[in-house]
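One structure coming up, written as structure tokens, with questions to follow.
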Amino acid sequence: MSSQSLALDNPGGLLRRLSDLLYRKPTLYLSMLLIPPLLWFGAVYLGSLLTLLWQGFYTFDDFSMTVTPDLTLANFAALFQAANFDIILRTVSMAVAVSIASGLVAFPIAYYMARYTTGKTKAFFYIAVMLPMWASYIIKAYAWTLLLAKGGVAMWFIQALHLQPLLELILGIPGVGGNTLSTSHLGRFLVFVYIWLPFMILPIQASLERLPPSLLQASADLGAKPRQTFMQVILPLSIPGIAAGSIFTFSLTLGDFIVPQLVGPPGFFIGNMVYALQGSIGNMPMAAAFTLVPIVLIAVYLSIVKRLGAFDAL
Amino acid sequence: MRSNAEKHGEQASWGLKLAAWGGLVFLHFPILIIFMYAFNTESSGFSFPPQGFTLHWFSVALARPDVLEAIKLSAQIAALATVVAMILGTLAAAALYRRDFFGKESISMLLILPIALPGIITGLALLAAFKRFGIEPGFLTIVIGHATFCVVIVYNNVIARFRRTSHSLIEASMDLGADGWQTFRYIVLPNLGSALLAGGMLAFALSFDEIIVTTFTAGHERTLPLWLLNQLARPRDVPVTNVVAMLVMLATMLPILGAYYLTKGGEGVAGSGK
Amino acid sequence: MTLAVQFTDVSRAFGDVKAVDRVSIDIQDGEFFSMLGPSGSGKTTCLRLIAGFEQPSAGSIRIHGVEAVGLAPYRRDVNTVFQDYALFPHMNVLENVAYGLKVKGVGKSERLARAEEALGMVALGSYGGRKPVQLSGGQRQRVALARALVNRPRVLLLDEPLGALDLKLREQMQSELKKLQRQLGITFIFVTHDQSEALSMSDRVAVFNKGRIEQVDTPRNLYMKPATPFVAEFVGTSNVLKGELAMQLNGSPLPVSIRPEHTRLANGEALDSDEVEVSGLLHDIQYQGASTRFEIQLENGQNFSVSQANNQWQLDDAPVQQGQRVSARWARGAMVGLREEM
């Protein structure tokens, strides 16, 4: 028989009474849930970010190679010196070029996936794009060093197709070429495009999927030829997806230091500079100042791209 | 089943088909090359075309103490980071999936930040903080770094599942006499099950492969990616590097596929965005 | 007789909105009590207050004499059948039904046996091994019922449990539920927006409107003696006459209600002394099989309905035509005086 009293006679153990308390006080329950993650992120993550930025104000004595907590803006000012500014320019121009190229290469793939595949084929394409995205970054970079090497696959193909003259020509162009394929800007550019490509494909594909077919039918119904429908309807509506993908390509290129090291002509990227400064040199303040550049640039880029609707496409 | 376009009599042009499939080939070609090289007889390791087929390098690689050491270290770090990420991610998801309160959006942005900002920023920031407080970079610092950006991976998967779970299930459980803990154990956890597992697997894969933040937060430890980076300066060791690279690829593809199958057909496929 | 549930001045506000506004009810032990009203009227909120899923902003709720405010749902001897059934998808039917016993620590063989018994009570004895997703809507509803009843609660709450079922099934379940309640003798508190459902099953019904209770009474009294215009028009259909017309016909400015089936069309004979009459333009005739409904537009613009049973088994020519001027008559005593709108 059920108990005569309303509340069970046995108030239960400590756990049950704790459950009662949390039920009566939902705010307490919420705080208990949030405190561990917030503590971690607040202390560990935000704390370290602020420490880093604060370091940017410290002074680095070139002679003694030590850091002193004298506050100064010299580090940030130094960013505008020719040598440093070169680095920044080099990195940003590569980031922009890679984003544009990735967009161009990714679009047909995403478009085909979204509009012309269904069921098993679509799942196949999806996995086929996702797996390289999650495959180890360092291995992908490593694979390209093998590909671009003097005795590697790329050279083999070029020789087999008798394209050496063309290669020489391209390698001769300043800003694009270099001594060999693997020490050329082109090589570095190719590697970047390759590695970030899946990050561009998936958001574009997602935003194309969301395109209601009735829009395209309406366009055709109103007399537009397929090419016009594409230019006037599909392309503008896929801009949020392209913008979303570009967030990844832009910010990932800005911060990378491994690919520039492995492939391409000598010349630091922001990432290399940061790594070098904090490493053996120990100039943490300058390194911190340099990291501010991608932070600011990404923040600016995010605000531009947000207006294009990228956040809804993520 | 016919695709959207095919329903209206459109066929993809040959150019488009070529571009799409060509793109896929482009994406997979370098990976397949590594696989091919792993079996290559020649010790230069990257010549083309391959000379012969052999399993010799596999046995060499797996006997190398530095390889085994690196694999073991990466696995331990990934396991620990994943556990921390699963706990913190689930707590955050439980707090944020329903209620609306002041600061809710900022918290979700905060969780995304470690993965949204480039790795050097996260890595350098952590290093600066560790140095400031006199903590020596080592095993634990690597775990802390990895756990921080793995949280959002678990969080995304778990919160999507929470949102799909009808709240009346929790009410029904309490109505039938189960208190908060019993409800969590018997009702919530089983329903979260596969989403939590998927998130954990993705977090594990992410941590296992991570290199940028790790370079800043590691002391003398050498995780597998760091080992691979180091190998790039050793041209004579290329065959062993190839074998290890291939094994690592295969090993991390499994959790990714697993996570995909666990969550497909549901709220949002795991792994669709890092 | 003990009170199963007692609300005293209970209010529940969500921000500025008062979902429940100073409600007081006494629900007797062992009665089939329904809470009826349109959506948003507060009836479901009241049910959830009894179950413990919400806490009142003010007032006291006593369940079998014990104050329940502040008690979690698992502390109350009350069980709920949910509108969406809320069956646990990862357990089979038998495990679902046995759940309440499991969390109380009942041993495995005993709880499975009792679960089987409960399933038998709802005629699903052989379905124990199935998963909820394999059942039809009606079957899931019965599993939800068994799952609640196996715990032998003293009060069973039902939150619009029949809403998703089709008409025939709904009617069948209505009589089954009523039978079950009589058999078990426990208090059933039933929430619905369907007035015919509430009337046919309940011992008493509380009619909710905008967070308040307008009337609590037996089905018959609710129908024959509605207290307010809202009740008159929500329970069945009614003609509610106000203002000057009410003054004229009833001698009081308060509104009156007269049911369409208590009126008839005048045949030309003289007005009886205990009858009153209104006239207007007949603008619609609706043949409804067992009865015919005549819609008349009165002088003051109001619509007046007359419903007459089609007693004749012979087909006659229609006595009246659309567009005619007609009069509706009824006995003075058939009018019910109402309170003003709340």
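First chain written, first letter: the chains are A, B and C, and each begins at residue 1.
Here, a contact is a pair of C-beta atoms (placed from the backbone, for glycine too) under 8 Å apart; a residue touches a chain by one contact, two chains touch by 3 or more.
Keep in mind that this is a model prediction, so the values were computed, not measured.
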Farthest chain from subunit A, going by the mean of C-alpha atoms per chain? C
Please state whether A-C or A-B has more C-beta contact pairs across its interface. A-B
Per-chain C-alpha mean nearest global C-alpha mean belongs to chain B
Centroid distance [mean C-alpha coordinates] between subunit C and subunit B, Å: 55
Between subunit C and subunit A, distance of the C-alpha-averaged centres to the nearest whole Å: 59
Just give me the whole-number Å value for how far the CA centre of subunit A lies from that of subunit B. 15
Check each residue of subunit C and list the ones that touch at least two other chains. 72, 74, 151
Where does subunit A touch two or more other chains at once, residue-wise? 19-20, 23
For subunit B, what residues touch not just one other chain but two or more? 179
Okay, in this complex, where on subunit C does subunit B touch? 51-53, 72-74, 78-80, 82-84, 86, 88-90, 99-100, 102-104, 147-148, 151
The residues of subunit B that touch subunit A in their complex are 1-8, 10, 12, 16-17, 19-20, 23-24, 26-28, 30-31, 33-34, 37, 44-49, 87-89, 91-92, 94-95, 99, 101, 107, 110-111, 113-114, 116-122, 124-132, 144, 147-148, 151, 179-181, 202, 205-206, 208-209, 211-212, 215-216, 225, 228-229, 231-232, 238, 241, 245, 248-249, 252-253, 256-257, 260, 264, 269, 271-274
Using the touch rule from the top, collect the residues of subunit C that touch subunit A in their complex. 55, 63-66, 68, 70-72, 74-77, 151-154
Subunit C touches which residues of subunit A in the complex? 1-3, 5-8, 19-20, 23-24
Interface residues, subunit A side, partner subunit B - complex: 12, 15-16, 19-20, 22-23, 30, 33-34, 36-38, 40-41, 44-49, 51-52, 55, 105-106, 108-109, 111-113, 115-119, 122-123, 125-140, 142-147, 149, 151-153, 155-156, 194, 197-199, 201-203, 206, 213, 216-217, 220, 226, 251-252, 254-258, 262, 270-271, 274-275, 278, 284, 287-288, 291, 294-295, 298, 314
